[in-house]
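Given below, in the form of structure tokens, are the structures.
Two complexes follow with chain A in common, the first pairing it with chain B and the second with chain C.
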Partner chain A sequence: MKALFITIAILYISTNLSVQAAGPDFLALIDKSLYVEYAGIRMEIYKNNKLIKYYGIEFYRKEAKMRMEFVEPAVEKGRRILNDESNMWMYMPRTSKVIKLPLRQAFMGSDASNRDLMRIEFAKDYDLVAGEQPDGAILQLELKAKSLSVSYNKVVVFFDPKRNIPLGQKMFSLSGKLIKTIEYIYKEQPDNTLYMSEMIIKDELMNNSFTKMYYENCKRRQNKPDVFFTLGSLKQ
Partner chain B sequence: MKSVKYGIHILLFSLSPLLSNGQSAIWEYLLIAESKNQYNHRNKASVINKDNRMKIDELSSTTELYPIVTAGNEWDGLRNTLQAEGNMTNYNFDKDSVRFTFRELYTRFSWKDRHHWTVGKKRLDWGTGMLWNPTNFYIQKDPFRTQNRLEGIFQLNYTCLFTAGSLEVYVFPEKKTKDFSYSLRYTYTGERIDASVSFLEYARRQQIGYDISYGGDRFTAYAEGVFRNYSRSYRVGKEGGLIPPRNRAARFYSEIVSGASYTFNASSGARLEYRFREDYLNREEVADFKKYLPLNSIIYDPVSVGKHTLYASAEIKDMYDRFNLQARIFFDLFSNQLIVSPLFVWKKDNFQIEFSSVIFADSPAVFKSQTTLLLSCHF
Partner chain C sequence: MLYTSDSNKRIRIEGLTSEELPLFMKTVKLLEGSADWEEIPDGIVISQGLAGETGLKVGDGCSVVIQSAEGTINMQDYTVTGLFPDTSQANKYVIYSSYEQAKELYYINRPTHILVDIANLDQAGEVKKRLREEIHHPWITIEAYTDNLSTAQTLSNINKYSMSGMVSFLLFISFVGIWAMQVENINERRKEIGALLSFGFTRRAVKRIFLFESAYISLLFLLTGLGVALPAIYIINVSDGLYLGSSASFAFGSSVIKPEAGLADVFTAALVALFYPLAATWLSLMGINNMRIVKLLNNAY
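And now, the complex of A and B:
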């Protein structure tokens, strides 16, 4: 594996080609391991180790389109958020109205931004520029954003090559400052497949603050049609 | 008429074969209790309410209860739902003032999430404006509290969804078939943009509407407008006389709303919205209106009587969305009506507290200020 990475580094430096062409497509593997089309999510937001806010969410996804329906707490019940890659809308049940959201708006007071939750496509947003295996087991993959529209300029992903899953990631700003860290925890399902069961997001710019997301009933496939992920469907 | 409408619902609901033979049941409920307590600081110099002829109390209270139930079933791509949102209101704790209405009561059949048929009383959600929605011809929001649960409109609706848009057809029944209203609306969704065009036949008058919104990384921009060959506003005639809407010239009037919002960071943002109403008062008419008050006080709107209205707001919120503080300003460019309104909202789990004050700076205003404490619980 080390030899592979040396080859990758040489290839990258000498030809300035993407390293993905020379080895396993790590970005595709990361995307694949995190891809679920349905999950029941409980999001808990902590400050000084004290739970200050929570949400119950039904999460639907089809390729790059994602939709969240809030079921808890009661004050947020019926609220929906839809991201179709280039648009983000929120449906407010009180007024039956849909409003357009800016893509970089923070996600309802959590340590996650809307993009953290609603646009997670490494292969599309990032290039793999370097990789190393310091402890002989976990790969550290350095990713660089393809454009300035991506929330984080640099991401380091900790990747388990035996199980082909990301274990965590660190996100950096354009100036190289660590902004956020994410830890992924997995659970083996009865069919021996691995699903993410927990995600811990820590905003490094805020002290003693983190968001935990618990995933339940994850499904790789669901049967919602394409129109379920449209503006019109959000109101129905 | 109302009892007939509700009867249709109950009949549709009970006849639905899906409810008895369905495969997947839908059952959700929500109960909202709201208590609105207001201190009204009257403007004793107001010519509109001289000697408090409107009999406005210094203190007022409204208690509202919203039981909301969604029931239904799904079977092989066909889904049937019934939505009922009741409203029980009590004014000033007076036992004789309890009123019960259905804000929404409708049945919907959906086929494979693409085709939706709706019958009943349902809110109309047209328009991109945050405060003002000219395309929504039936009901307008309270600009001081846009989150109020509005009254639905009795309608028959068919909606067909496409991957890049939707087509909506509406019939709004009245007591006589000749008074029915009809409308058609097409919405398109593109990259970062969505836009709608609509046509309405309303009491034998017509309205053409459009709306568009753009979403950037940190900002959104939107516009909404109508052209209609009728007016709902009074005009000031000679010597302060009123010209009612039905006597106004039969021509097309436009109403336009445009706005933008900007998110500075996770805890602050700002919004600007502008409204133009062609059939409202120009500068000369505003002068006449003020001159002949209270003869024409029916024209008076606490926010704006003129053609041009501006709204601006700035918001600061807690990183965890537990509370937010807003400063809101309304200004009428012709009548110089100015309103300043701070708003504080605090949320914890199922509880919400809103504290606001609306300060009126124009002389005819009925109030100098209105201060409101609104408590709401969701179960």
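And now, the complex of A and C:
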């Protein structure tokens, strides 16, 4: 009886740990699949299913540093946002002023927060605590935040193990309530690699409120110098 | 942020301890519902203005999402248990819950209140400085009452001086009006004045007639005014003030006004009501000094 109990316990623990012990580093795979150093983005903000705002953005990234330059609409052209790992800054061309942005703030009135878009590092911020494959094809990975400085205490990522890409994620508050969902859509490039072509961010607290981001001309590498991602270069 | 199914509003949430709740209930008379959070632990009290904007009623559910000082997002569902009258734009977007609920929502173990006794209120700035050094977090703000004192003082002064300016202007206009009206009165009664002077009345005696008439009318209207204003002030105070809407706070400092009428106010009103028109009348009577009896009798100018 005792031996049977121990056997069952070992089988249970090994099943739950199999995702971490024997499987790939899913968090690194997620970060890698979402990592692009350049993309042209069109962001559309919908409230009550109606398009209320749109932005055309050029996105640059080098490791954890990111920079966005607004190209559309004309009234926003020239606005720049920089994440230099420690802070987020916005440059406003009309006043030539640079202001510091809180990470918690909604990004340009969209359903994504500044942190959602400008600090996406699963491996750094989360631990993989559980994984299951309820329908056999897609993996559901449960991630727990490493510290209270991370916005979403729990994230469930829907991962395609065949293509090694995340298909979507659900983000939960500290109390376990669903706050946001993100869906990723991919397109195969001529070099047979998969790039994210669309990201749909849905606010689960508001009916019919979502943000769509269309990515094109994605590049894994770009040749902007390090100084491009500094505060000093933002005004130039 | 407070979320309903189809709207969201930026709000501030304040937790009330069991000691603070009775004081809150005494200060803020709920329009509807209650703040009995022992029965409904997830209850909140919101302002009437916020309820109007979000469509929430007593008994409705809503969600509150916050981002804590550390950065994590938390969300709780609440039930609206009461509505309070918002007296300014500042408290329109404040919601009150129990202290325990607020602390759980913010997920914070730091102290939330530090009380400085009234004898040492001038030390508040020093306490704030030391606290800031101890906590040292980029997202935590610490406010002492002195931070808002100068703003409140400035707003109060603006209110006081602008009201004084308006009253002074109105007094000046009314003085000119009374003077003009009395001049017209004198012109219309030229023959009467001429007749009195020809009968042997002195100019001083004629002036006294007009002054007496002015005083009589002033007293009549003073008593009428007091008869209307004093009961109205009493009724307003018995009803815990008159609610003028949240925008009224910009003009009056509060959306609820509670006028007062002490003896000094009544005395001032009497002084102004009696002697002010007398002064205007006296000024208008200066013209009688040079009037010639024959011209007055012929109604000639």
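Simple rule for what comes next: the second predicted complex is superposed on the first by the 214 of 236 C-alpha atoms of A that agree within 3 Å, B and C clash if a C-alpha of one lies under 4 Å from a C-alpha of the other, contacts with A are read in each partner's own complex, and residues count from 1 in each chain.
Going forward, a residue touches a chain if its C-beta (ideal position, glycine included) is under 8 Å from a C-beta of that chain, and two chains touch if they have at least 3 such contacts.
This one's a predicted model, so the numbers in the text were calculated from it and none came from an experiment.
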item: First, second, both or neither for A:I179, with chain B first and chain C second; value: second
item: First (chain B), second (chain C), both or neither touched by A:S149; value: both
item: Partner chain(s) touched by A:K77 [first = chain B, second = chain C, both, neither]; value: first
item: Comparing the two partners chain B and chain C, which touches a greater set of residues in chain A; value: B
item: First, second, both or neither for A:N192, with chain B first and chain C second; value: neither
item: Partner chain in contact with A:M206 - chain B first, chain C second, else both or neither; value: both
item: Contacts of A:V98 with chain B and chain C, given as first, second, both or neither; value: first
item: Chain B versus chain C as contact partner of A:N49, first or second or both or neither; value: neither
item: First (chain B), second (chain C), both or neither touched by A:D226; value: first
item: Shared chain A contacts, counted only where both chain B and chain C touch the same residue; value: 102-104, 149, 206
item: Residues of chain A that touch chain B when the two form their complex; value: 45, 47, 52-53, 73-75, 77-78, 84, 86-88, 92, 94-106, 108-110, 113, 149, 206, 209, 224-228, 230-233, 235-236
item: Contact set on chain C toward chain A in their complex; value: 3, 5-6, 8, 63, 65, 67-68, 70-77, 107, 139
item: Chain A-touching residues of chain B, taken from the complex the two chains share; value: 28, 30, 108, 110, 112-114, 116, 122-125, 128, 130, 141, 146-150, 159, 161-166, 187, 189, 191-194, 213-220, 222, 261-263, 266, 317-322, 347, 349-352, 376, 378-379
item: Chain C-facing residues of chain A, complex; value: 102-104, 115, 145, 147-153, 173-175, 177, 179, 205-207
